[in-house]
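Think of it as A, B, C and D in the order they're written, each chain with its own count starting at 1.
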Amino acid sequence: MRAQQMIATHPHVRGSTNDALIRCLEECYSCAQTCISCADACLGEQMVQQLTQCIRLNLDCADVCAATGSIATRRTGSNEEIIRQMLKVCEMACRLCGEECERHAGMHEHCRVCAESCRRCERACAEAIRSMAA
Amino acid sequence: MRAQQMIATHPHVRGSTNDALIRCLEECYSCAQTCISCADACLGEQMVQQLTQCIRLNLDCADVCAATGSIATRRTGSNEEIIRQMLKVCEMACRLCGEECERHAGMHEHCRVCAESCRRCERACAEAIRSMAA
Amino acid sequence: MRAQQMIATHPHVRGSTNDALIRCLEECYSCAQTCISCADACLGEQMVQQLTQCIRLNLDCADVCAATGSIATRRTGSNEEIIRQMLKVCEMACRLCGEECERHAGMHEHCRVCAESCRRCERACAEAIRSMAA
Amino acid sequence: MRAQQMIATHPHVRGSTNDALIRCLEECYSCAQTCISCADACLGEQMVQQLTQCIRLNLDCADVCAATGSIATRRTGSNEEIIRQMLKVCEMACRLCGEECERHAGMHEHCRVCAESCRRCERACAEAIRSMAA
């Protein structure tokens, strides 16, 4: 990802970037991909019927992460309250999805990796929220 | 849209649909399209420089609406808290985008129509939130 | 959807709309919603293991339709070749997903409705492609 | 991104991954972010009116890349023809957007970085297409 490099050259930003927010949006894109991948891998398991709640949370989390990544990328004009609220929903979606994936982590390696990805994104959202409050 | 027809046949729903939520997700898809269209029409205006905040809010609102529409569509397992929080962000994104579009409604017909679409989606989100509290 | 009303007021369009393309992009948004809903309803079925290919095609078709709907909405500048190629992929994705859903239509009403939605979107793409060749 | 790690643990893949396709889908996610960022940075420039075609191609390219990244992530069942066709549209969208960004690269650093990102994604798509033909 070139998010740092891109946002630093935005005409309204001029080098003074919010690094916590940039790390967060990169985690959002990464977590969206991981969640789509985990939903798909769960769907391929023989025991798919025991993984339907996991797939549901994966798909919802992917949608939230993708939207948050796009919105947190923009710097023209301002829409801070929406960014802040989306980061909160994203933090929660990642927490819930991460908790569910952790339940299957011993059985399915893709759930273990996805839980890690969700937890990283959850923390990155929390740090981005703090950085915007300051 | 066939959202009502589709969700009514979901194996966990079996005919007992939340109509306020279904109306809301249809408004979300419609508002996502309208906001992408308004951003694009603003971009085509000679006075685009006075419409950059409007384009920003349009694009953010489209992302929020699209994610909310997808998430509110799902009924397998449960993820109610995420739906509820997304509806709140969507209500706010539509309100802010609607207010900005209203400022340009006298000058640009696409902003007038988009403001209407945002206001309808804002109200539909509010009603869906109430229906889920009950 | 207000696609016709929005696009007719675009400063570069000024009333002279391509109605086949507008009908098509509305079907794309509708089909994206239907496919997400069908994937979710299939996931809720007891026999989900026999529906995994259907869910896969539903999710891919939803992604293609959503992207096609957004791209076909824009009128500023030009990107005709991309619109044309996306319409072709969308036509194919809808055909493949519609064929798969038809296999389960006797058993699952959501697959029957989704097959119809895919077939309508497939035809709308074909007509939009013809309208752009002219 | 953990795409390699995730896809290697998919039950139908079992370690035998198509590395060109995985590199490609990672470039797709990265290019989607870069294009959204470039559209937004162009919108913030004083000379935005000279960048409207660039913004248009950025937004279309972001939509194509995001859809291609999701579709290329899935391995359950099969949908190879759709992946192949989407890779071709994505290669073309990246080429057209890269060419347009290159025109502004001397003036705007964000266009220079975005052009690079598009060119990398274009090449990754070409290599993924070759890998799937084999």
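By definition in this document, contacts are C-beta pairs under 8 Å (C-beta built on N, C-alpha and C of every residue); 3 or more make two chains touch, one makes a residue touch a chain.
Here the structure is a predicted model, which means the values were calculated and not measured.
Relative to chain C, the most remote chain by averaged C-alpha coordinates is A. Annotation, chain A versus chain B: rotation angle of 180 degrees from the Cα superposition, expressed as a multiple of 5.
Should one ask which of B-C and C-D has more C-beta pairs in contact, the pair is B-C. Rounded to whole angstrom, the centroid-to-centroid distance between chain C and chain D, based on C-alpha atoms, equals 21 Å.
Centre-to-centre separation between chain A and chain C, using Cα means, comes to 27 Å. Across the assembly, chain D contributes residues 40, 43-44, 46, 52, 55-56, 59, 66, 70, 74, 76 that each touch 2 or more other chains. Those residues of chain C that touch chain D in the complex are listed here as 52-53, 55-57, 59-60, 63-64, 66-67, 70-71, 74, 76-79, 81-82, 85-86, 88-89, 92-93, 96. Residue ranges on chain B touching chain C, taken from their complex, read 1-3, 5-7, 9-12, 25-26, 29-30, 32-34, 36-38, 40-41, 43-46, 66, 69-70, 73-76, 108-110, 113-114, 116-117. Only residues 40, 43-44, 46, 48-49, 52, 55-56, 59 of chain B touch chain D when the two sit together in their complex.
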